[in-house]
Structure formats: structure tokens, C-alpha cells
Amino acid sequence: MNVALSTPVADTARPKLEVQKLDAWFGNVHAVKDISLGVDARSVLAIIGPSGCGKSTFVRCLNRMHELTPGARSEGRVLLDGEDVYAVDPVYLRRRVGMVFQRPNVFPTMSIRDNVVAGLRLNRVRADYEAIVERTLTQTALWDEVKDRLDASAIALSGGQQQRLCIARALAVEPEVLLMDEPASALDPIATAKIEELIDELKQQYTIVIVTHNMQQAIRISDKTAFFYMGVLIEHGTTQQLFTRPERRETEDYVTGKFG
Amino acid sequence: MNMAMTNVAAGQYAIPRRVGSHRARAVTNGVMTGLCAAAVALALVPLFSVLWLVVSKGIHSLSLSFFTKLPAPVGELGGGVGNAIVGTLFMVGLASCIGLPLGVGAGIFLAERGDGKLGHVVRFTAEVLAGVPSIVVGVVAYGLIVLPMRHFSAMAGAVALAILMIPTLARATEEMIRLVPRSLREASLALGVPAWRTSLSVVLRTALGGLINAALLAIARAAGETAPLLFTALNNQYWNLHPLQPTASLTVQIYNYAISPYEDWHDKAWGAALCLLILIGGLSLIARLAAGRRSQA
Amino acid sequence: MASGADTPRHAHLGDRAFAAGITLLGGAVLLVVGIIVVACARLSAPAFAKLGFFRFLTGSDWNPVEDSFGALPFIYGTLVTSAIAIVVAMPVAIGLALFLTEMSPSRVRRFVSFFVEILAAIPSVVFGLWGLMVLVPILRDVVEPALQHRLGFLPLFQGAPMGIGFLPAGIVLAIMILPTIASVTIEVLRTMPAALREGALALGATRWEAIGAVVLPYARRGIMGAVILGLARALGETMAVTMLIGNQPEIHGSLFAAGYSLPSVIANEFAEASGAVHTGALAGLALVLFGVTLMLSASARLLVRLSARRLVAA
């Protein structure tokens, strides 16, 4: 799409994102336990598991949002292109690792246009805002729906549109990795389908980690899947293998719906 | 009360099983409900009486010259409270320049970093400070400004009003900021926006409607203060926009007119009171609109 | 990353400056209390040096010409008018709060709350004007003679009905503190879990029985806090009292008599105080007022909080 956008082509051997022995706590609650896994560049990793098993906590460690919760802390290493994210500045890191939340959280006081470029404007980045608005809204399949009312308030949009706006907003900052925490759980089936299509498009350019409680969704959109249970990574492999030939008993029980 | 209600102990269900007839209990319920409704009526009677009299008696005094002229001496017809209106606006404006940043700033502190020990102390102090009589604050402004300068002044009055604005404004600001959903703050932080800029440009921006509402209410309250002006701004028969000169105000003017023995000054007191209520009512109305726009947003 | 963005260094400097700035502003609240104490103490020092704190508090003679200053008549007047205000306002405010939270449909509630807000927004000096022009004639010509006729054997209702005095000042104070008591009481009642009240109703209690058995016992401390807050407000209220109490530094048992209050004497004499001792005595009264209202609001806030906490724990 845009030459300037291409991420640095690392040697294919090294994953884009590598997690080593990650532990995370809320006070005394040990929410993430000794997790290690890698995410290849331009692939989609789905994280599944019953609710409360630490999926959100895990992804929030990847862009260091976890440490913003009072009383929260973490140990272990997260490498982005081989560089420890805990050694770089979190503000800078979060511009490289974007995030989309469970519920759409558009800025209510801003127009659609201002929402898209909020990350750039708030960071005092000078750029061609008009072009970025059109490009990211097109990427998120929102352009045709909103191009005539870019100055309208963002909260006038439907839930699905708001969520796609949030994705556009994250893309405008030109991240390399996109974290999505159950981005479709608050949406209706049609909006969900649109988001899934979008993710398929986005993986041409971005490395995506998506949390989902919907196993069908994981099968549809992801290359690899990780199954978490009670803060522990039980199994991690290609999506097809994990759902058709799980190695672990817990995984099999979960994907066949015996619990969770 | 009837027998059914005896033996009521704190925190313990004392619902009678078979004591007293249904009829008696229903009657008690009806009587007490009636009494509570009567309390509502009783509370509203003085309000409507005040509003009715201020409007009906004040309306005769209102004319263009009442808003634009200086006060006339006793017995002379005409004259107005123009200088008092300007004085009130002037001092309230000065007070806002001092009080709004301090009050809102303290509120931001309470919302952003108010969960620590200092936060609790500041919050409690603000609550308690809100109960300090305004006359005491007047004495303080006298000691701080009038005495060293050897001069009554608009500035002294404004400082007193500013001090009175701070505590309520701080608490209201905190409340408004805490109403902003955490998810918005996270959205901004996840975009790589620094925390401080997130606080100012996203959180505070989102709370702005509520802040304007709180600020306008604080300003309206300040405009109605009399006691702290009596010996700080004093009064002035003439126009004044010098911060270091004595200054007239609507409230002090009402007071002077009201306690005078002259009929025509009493009329002017009602007229000035109507002006004051219009000013305060207008500010509160705008505040309501600001708050309404926020709740729609 | 595109050019021109904040560097991390900037972000950290900004965070630190922001934190320091708002902490400073928060600290300013504490500073204000400090300033109030210091300013009042410094102004009043000459008076305390000359008269002694205890003699000042208990003296009943107030004569600026002879530099004789006793605070007792003002303390007395303040207490009497505030007592009247509480006795009148408390049942009305609590009845109103109960009606709004427990008995009325939400449309009525919004309507009445709106007017209670307006009542709270009317300036003291306007109440004073209304009291002087409307309430005083009614008291003088109707209420006080009637009270005297019926209850004249009580020392409370003796002496010539003048209209001006403790009674009108107390009544107007009651009107003014009513919104305070009512709104804090409503706030407290709202924190009560609906399940408790519904539990009582489900057992077959009438509304009023539910209030007596569950609502009031649970909200007791909070309501007490509300009343104390109202009291604090009444003690410090200046203009309306100054216009209605009669401004005589005397101690009388009758509610019809004229008296004086702490805020009123400060309001009347401060601007024209003759010399440092007179000013100091007035500032001393302000200090006393400050101390008393500070303690009252602090304890009231603690009560309201305790009440809320207990409800949450329950």
C-alpha cells in the first residue's frame, strides 16, 4: 500500500515478538505464570482460554499497559525485534505496539477525523493528516461510511463503527504490532465479520496478537493459537494443529467445549 | 406513632408480625407520608415568598438608568446601581483569575494523585475548608492585604472571594474528572501519548463541560457573598475599576439600602436584589446548559 | 516513527513537571488553612495580650471606647439563633429528604431537588432583606403576640414583641441551613443499598415502617453529620443574622429580645475598629468562630463518611 509503511525486514528466523518467562501479578494475585512464546512477523496469534485465565493481563504486558494498574507488576522479558521492551521507554514502545480494547473507547469530545489522528496530534507529530485519515479509514473499511461526516462526533457512530474507528486510530500511529483484546466481543455478528475481514487484511503489514473467547473466530483468523489456563500457557502451536490434534488433555477439553 | 413502631432498635428488623391492625398501620403510614409531604411544602414556601417579593417589588426599580447610573443621595429620585454591578463583576472576575486555577488545579491533584496520604489530607481539608464562615475569610483578606496596604481595595475583596471558591471547586473538579471512564485514559496511553498530556488533553478535555459547570456555580456563589466584602472592598459611591481602590458591590449595596430607614432606599434594595438574582440565575442557567451538553456527549 | 514527536525524555520531564505542578496546587489547599490561622492569630494577638484568652472568652462586657472586650454576649447570641435554626430546620429537612428518597416518584424528586438547589443559591443578604421586610412585621404583629398570649408564662416568650431579635434571626437561619441538611441527608440515604429497604418491604412492612426499622437506623450517623454541617453553617452565617438580630451585645432569656452574634459584630465593627486591640478582639472572635466551625465540619464529615463506609460494609 505505502512504501514508507513497510516494517524492517528482519531475518525470518527471529520472531517479531518474543516473550521469555513472563510473570505478572496484581498485588498477590499471580495472573500470568512463566509464559514463553514467540510471534512471527506478519502473522496472527490468537490467545484463547476461559475468562480470568490471564489473557488480557498477558497482552497488556506486551505494551506495558499492565504496569499502569496500581499494585501491578511483572517479571521476565519481552523482546520486540530482539530489543527488551522493559529497557525502552514505555511511551515510545506504545507507539510501536498499538492496542485495541474490548469495548470501543473513542474520544467522545472529538470528531471522527480528530479521533483518527489523535495519537499523532497529541504526540505533536507533523504529518499529512488528511491523507492519513483517508488511508486508515479505508484500511478499516470505514471510509465510505463516514467520509461525508468526518467532522461529526465520533460517539454518533454505531458500536461496530466505533471499534473500527479505534483500529484506525491505532493504525494512524503506524505501529508494527497490533494487540487486540477481544475486539469483537461487544459487537453484533455483522460488525464482527467486518472486523475479522479487516484483521485478515491487516496481517499483510502488521504483527497481530488477538485475544478472543470465540474459538470459531480463532480458527478463522489466526495462524497460531495459544491456549491459556489459570495463568499458564498450556499449549501453543499452529491453529489447525491446536484445534484438530491438541497435545494436551486440557486443550482438548476446552476446544471440544467440555469446560470454559 | 402506634404500637407497631415501638421497640425499633438500630439495625434490627423490627417488622411487626401481628401487632396492630392493618388499618392502624396504614393510617400511621399515611399520616407520616403526609407529614413528610408537608415538610416539602414548608420548605418551599419561603423560597417562593422570597422569589415572588424580589420580583414583584424589584421590578419597579428596574430601568435603564438603574443599570447605568451611580447611586442617588437620599430623597433624590432616580439613580442606579451601575457602579455596584460593575464592581461585583470586576471583583468576581479578579477572584476567578486567582481562585479558578487554584481550585481546579487542586481538584486535578485529587483526581490524579489523590489516593495517597497527602491526597486524603488535602481532600479532607478541602471539605472542612468549605465550611469555614465567609466572614472569617474576610478577616483573613483584611490581614493579608488591607492592613499592609493601608487601603480597602477590590483586590482584598477578590482574594477573599477566591479563597471561598477553592474548596468547593476542588471537590467538584475531582468528581468530574473521576467520572471520565478509565478506558479513555488507557486509549490515549496506548497510543503512546505521555501521561501528563493524556491528563490534560484527553481526560481534562472530556471533563470540560462538568468543569465549566462547576466553575460557573462557584462564580455565582462568589457573586452573592457580602460578609467578606464589608471590610475588604468596603464600598464606593463612584465607578471604580482600579484593583487597589475601594469598590462597590451589589450585595453590600443591598445591605446598605436594606438597613437604611428610607422607604425609597428599601425599594432600591429590592431592585438591586432582583439584579443580583438575575445575575446568579443567569450564571446557574448557563452552568446547567454546560452540564446538560456534557451529559448528552 | 515520524519526525517531530515528543522524545521519551520530553515525556518524562513533562510527567514530572505535571506531577509537581498539581501536587503544589493540591498543597495550596493546606496552605490556605495555614494562612487563615496565621492571619487571624496575628491580628488577634494584641487583644489576647491585653485581655487574656480566658477572660476574653468569658467576659460579658463589650465596650470599645473603654477597650473592654468580652465575647460572651456574641457566643450566646450565636448559640441561641443556631439552636432555633436547628430545632426548626432539622425535622423539616429530614422529612423532605425522606419524602424525596423514599416516598415520591422521580418526577417530583427532580422538581423539588431543583427548587432546593435554588434555595441554597439565594444569597444571605437577600434572605436578610426578606426577613427584615416580610418576616419581621409578621412576627411582630401576629406570631409573637400570639405566642405571648398562649405561652407567655415561659421565660422564652416574655418582653415586648419587636419583631427584631433572636427569633427572626433563628428562623431565617433555619431556612438557610435547610438545603444543607436536606441535601447531605439525601446523599446519605442514597448510599443505602436498595436491598435492605426492599427486604423490609418484602416482609410486609409499610413504607413508614421500613423507614423506621431499616432506613433511619442505618442512616443515623450520616443524618447526624448532616445536622452538624447545618449547625456549622448556622454559626458562621453573617448577613441575614446581622440584619435581623438587633445588634445589642446583651444576654436575654427571651427569644423576643435583641442580641448579637459572633459574625455580626465582626461585620459591623471591623471596618471602623478603633485601634489594634479592638481589631484584635474582633479577629479573636473570628478565630473562635473558625476553630468551632472547623471542628464541627471535621466531625460531621467523619460521621458522614463512617456512615457511608458502614453501609458499604453491610
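For reference, chains read A, B and C in written order, and residue numbers begin at 1 within each chain.
Just so it is clear, a residue touches a chain if its C-beta (ideal position, glycine included) is under 8 Å from a C-beta of that chain, and two chains touch if they have at least 3 such contacts.
Please read all numbers here as calculations on a predicted model, not as lab measurements.
Highest C-beta contact pair count among chain pairs: B-C.
Among the remaining chains, A is positioned farthest from subunit C, on the basis of C-alpha centroids.
Comparing per-chain C-alpha centres with the mean over every protein C-alpha atom, the closest match is chain B. Centre to centre, using the average C-alpha position, subunit A and subunit C are separated by 55 Å.
Between subunit A and subunit B the centroid-to-centroid distance comes to 48 Å (mean Cα coordinates, whole Å). Mean C-alpha position of subunit B lies 14 Å from that of subunit C.
Along subunit A, residues 91-92, 95-96, 123 each make contact with two or more other chains. Shared interface positions of subunit B, defined as residues touching 2 or more other chains, are 194, 197.
Listed for subunit C are residues 6, 11-12, each touching two or more other chains. Every residue of subunit C that touches subunit B in the complex is listed here, in rising order: 6, 10-12, 14-15, 17-19, 21-30, 32-33, 35-36, 39-40, 42-43, 91-96, 98-100, 103, 112, 115-116, 118-119, 121-130, 132-134, 175, 178, 182, 199-200, 203-209, 211-214, 217-218, 220, 229, 232-233, 235-239, 243, 263, 266-267, 270-271, 282-283, 286, 289-290, 293-294, 296-298, 300-301. Residue ranges of subunit B in contact with subunit C, taken from their complex: 4-5, 8-16, 25-26, 28-29, 32-33, 35-40, 42-44, 46-47, 49-51, 53-54, 101-102, 105-106, 108-110, 112-114, 118-119, 121-122, 124-140, 142-144, 147, 152, 163, 166-167, 170, 194-197, 199-200, 220-221, 224-227, 230-231, 234, 251, 254-255, 258-259, 266, 269-270, 273, 276-277, 280, 284.
The part of subunit A that touches subunit B in the complex is made up of residues 63, 65, 68, 70, 91-96, 98-99, 101, 103, 105-109, 118-119, 122-123, 153, 155, 166, 169-170, 173.
Against subunit A, the residues of subunit B that register as touching in their complex are 115, 181, 183-184, 186-194, 197-198, 201-202, 205-206, 208, 297.
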